[in-house]
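Both of the next two complexes hold chain A, though its partner changes from chain B to chain C.
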Partner chain A sequence: MSMIRLMFYVMSFIAIASALYAALSKNLVRSIFVFFVTLFALAGLYVLALADFVAVTQVVIYVGGILVLILFAFMLSRRETLNVIQQRKSTFINMAKVPALILAALFLVVLVNVILKADADNLPWIKEAIAQKNVITPTSSTIDNIGVNLMTTYLLPFEAISILLLMALVGAAHLSRKEGSA
Partner chain B sequence: MNYYITYFIAAIGLFSFSAIFALFGVYAERKISAFIQDRLGPTETGKYGTLQTFADILKMLQKELIVPAAADKWLFMLAPAVIFIAVYLGFAALPWAPGLIPSKTNIGLYYIFAIISIETLGILMAGWGSNNKYSILGAMRSAAQIISYEIPAGFAIISVVMIAQTLDLQVISNQQGILAAEKIKFAGFWDVTNIGGLLSWNIFRAPHLLIAFVIYFIASLAESNRAPFDIPEAESELVAGFHTEFTGIRFALVFLAEYSMMFLVSMIAVILFLGAWNTPLPNIGSVKLATWTTGIAWGIFWVVLKTLGLVAVQMWIRWTLPRLRVDQLMNLCWKVLTPLAFACMLISGVWRLWLM
Partner chain C sequence: MITLTDFLLVGAVLFSTGIYMIVSKRNSIQVLIGIELMLNAAILNLVAFGRFDKLKNSGQVFALFAIVLAAATTAVALAIILNVYRRYKTIDPDEIKNLRD
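Let's look at the complex of A and B:
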């Protein structure tokens, strides 16, 4: 058990440290690459929580999709544009940062409140599940469960998301068409 | 504690395997290209030039590591490691023989699919870190190509998964031979559960998977940046693409990653479509060829033989076909392979419902 606990703390430390670097670094491209480390550490945390499917999906979608997309946007822009952001002087407290600071502080308050009030060790539904032995073991396959749930209980949200994605696809295809043939 | 030692041994073994494979792969590539172009290839170093790649790697180890003055130092230095580790991690979930798999996971196939996409990030890292027009153009071409070809490859894989009903690579392998727990039918009508061999491979279990196999194979060529899809490193336009600035051991790592990637994608193709570690010889009456040639040693032999066969086809294609232009590449991906892969997926669903 101690090995798992150790891994949890290592992963959490990596996730938090790299997220801080990504937020504080002035080198935008580098902070994106560090964000990749954050996402990977998060995937590790998911694995520790026995949510291996979620972990792999996280890597596929965020690393394979979203990060590469962001990087593409950077590489299509000029290096000088990025350097301007890097060289901008900034003090720690300044007027432009006030809204961001307020938002961050409020969000922190919400998060701390949630963590303190949730009392995750004594939730009734968790206790009930443990009593009924309705839990996932490290060797059990999670994909059957996810598939069945997606096609029964969560069918409506699933279909709604697929229609949303279809709309986005059609929209993107329309926008990228040449003017003459449109 | 013994547990962890086994893990380390497996990891080191896989690493040395990929290194040795890369050495012989480069030699084989040179000899095959020489044969196809009616040349001799390396002949001087060692008997028939067999020591040529060893000499090359010794030279590379001694070379100076040059970092361009304008490069982003950290990204530039880490990129080759990220590229190689992404490929190397994929080896963890590949089954080699009945009961022999480094990491037995329920979602092995999905894991490998995810891990391969990390290589894109390493390539973009190399391209951006080098601070060089050719490198960045190569990296962008490579990323665009890999992302696009992941779609037909993904759907070809899904059509297999729909037939196999699992993402566990060891279970998928088990289904394609005499060790199968369920009833295996050749082309949906002939029960070959006890005959095994060639007849129970996935491409014969459901014949439309033959098309899926070809789609996957073409897409895997693009994912490992091999000709005819090697525009990321097109020598005539981009010097050497994303690895233009790399020298010495870093350059060697990029190449190691490329050859490991060839082996990885070929082995996935073998596991999904060509019977994994199952023997191609069927049981004929009392001549139990399949039963005789199934086991741990035989399993490793068959899977390596089939994979090397596919790698040889990759090399043959590289030295036969000319490079595709970028628009032809995208046309092939989006207008030919993707619809075909969708059709395969649809047939898989129908096949599973009505014929299995």
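Let's look at the complex of A and C:
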């Protein structure tokens, strides 16, 4: 039991520290690569929340797809303009960032207050789920249940998502074609 | 076992880091990374609550949907960023003031 807590603290420390580094780093490439680490640590947190299928999907789609896409976009845009942005940013470092810092800090305070007041572990429906043994335990396998639910209970959102993916595919292809052909 | 509040606190910290990135960064790609961080915080909450629904798996299924949606959003957003770069030769969101020409 304490081993799981230790793993949780390690994973959340890695996730938060790398997210903060990605937020504070001035170098774009470095913040993209540190974001890799954040996503992997979040996949570890999903495993600790007993959602192994979501964790594997996270690794496949986020780490394998989205980050490669971001790296592509970065490499297709030219380096000089990025450097200009970075240098100008470092001169205005204090003025531009104070409002963002205040906003983020106040939002964090509000969120933490809400979470501590809500006391999520003692919500009525969660107690009911625990009483009815409707809780995922470390020994139970959930993947077959997810598959069955995806094709029965959640069929409508599933189809809606597939149409939206098709629209995003067409839209991305339309947006990134050459300028002259329109 | 890890309590629900722990997951929610980690999610809150990641969410406000994402807000900080979105507001303060002067580079569209880093703004996009901030958006992804906020989405991931939301997915973490979904997964943490999804543990208490073994029969219907609502939390995990919608976490999967959110991951797929994030992938679609990122593809379109990067196409838009490349287009903006081609037109304005910059991807600083503060410099882009016109919608068309």
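Going forward, the second predicted complex is superposed on the first by the 145 of 182 C-alpha atoms of A that agree within 3 Å, B and C clash if a C-alpha of one lies under 4 Å from a C-alpha of the other, contacts with A are read in each partner's own complex, and residues count from 1 in each chain.
Note that in this section contacts are C-beta pairs under 8 Å (C-beta built on N, C-alpha and C of every residue); 3 or more make two chains touch, one makes a residue touch a chain.
Remember, it's a predicted structure, so these values are computed and weren't measured experimentally.
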Message = Just checking: does A:142 make contact with chain B only, chain C only, both, or neither of them? Give me first, second, both or neither.
response = both
Inquiry  = Contact-wise, after the overlay, does A:63 reach chain B, chain C, both or neither (first, second, both, neither)?
reply    = first
Inquiry  = Quick check for you: in the superposed arrangement, does A:130 touch first (chain B), second (chain C), both or neither?
reply    = second
Ask   = Is A:95 contacted by the first partner chain B, the second partner chain C, both or neither?
value = neither
Request  = Considering only the touch criterion stated at the top, classify A:53 as touching first (chain B), second (chain C), both, or neither.
outcome  = both
Message = Tell me the contact category for A:30 with respect to chain B and chain C: first, second, both or neither.
response = first
Query = Taking the superposition as given, does A:75 touch the first partner, chain B, the second, chain C, both, or neither?
reply = first
Query = Which chain makes contact with more of the residues of chain A, chain B or else chain C?
reply = C
Request  = Examine A:163 and indicate which partner it touches, taking first as chain B and second as chain C; both and neither are also allowed.
outcome  = neither
Ask   = If you lay the two complexes on top of each other, which residues of chain A touch chain B in one and chain C in the other?
value = 53, 57, 65, 72, 74, 140, 142
Inquiry  = Quick check: in the complex, which residue numbers of chain A touch chain C?
reply    = 1, 4-5, 8, 12, 15-16, 19-20, 22-23, 28, 31-32, 35, 38-39, 42, 45-46, 48-51, 53-54, 57-58, 61-62, 65-66, 69-70, 72-74, 76-77, 81-82, 85-86, 88-89, 96-97, 99-101, 103-105, 107-108, 111-112, 115-116, 119-121, 125-126, 129-130, 134-136, 140, 142, 145-146, 149-150, 153-154, 157-158, 161, 164-165, 168-169, 171-172, 175-176, 179
Task = Write out the stretch or stretches of chain A touching chain B in their complex.
result = 27, 29-30, 33, 36, 52-53, 56-57, 59-60, 63-65, 67-68, 71-72, 74-75, 79, 140-143
Note = Within the complex, chain A is touched by chain C residues 1-10, 12-21, 23-24, 26-27, 29-30, 32-34, 36-37, 40, 43-44, 47-57, 59-65, 67-76, 78-83, 85-86, 89-92
Ask   = Where on chain B does chain A make contact in their complex?
value = 72, 74-75, 105-107, 110-111, 113-115, 117-118, 120-121, 124-125, 127-128, 131, 136, 139-140, 143-144, 147, 150, 167-168
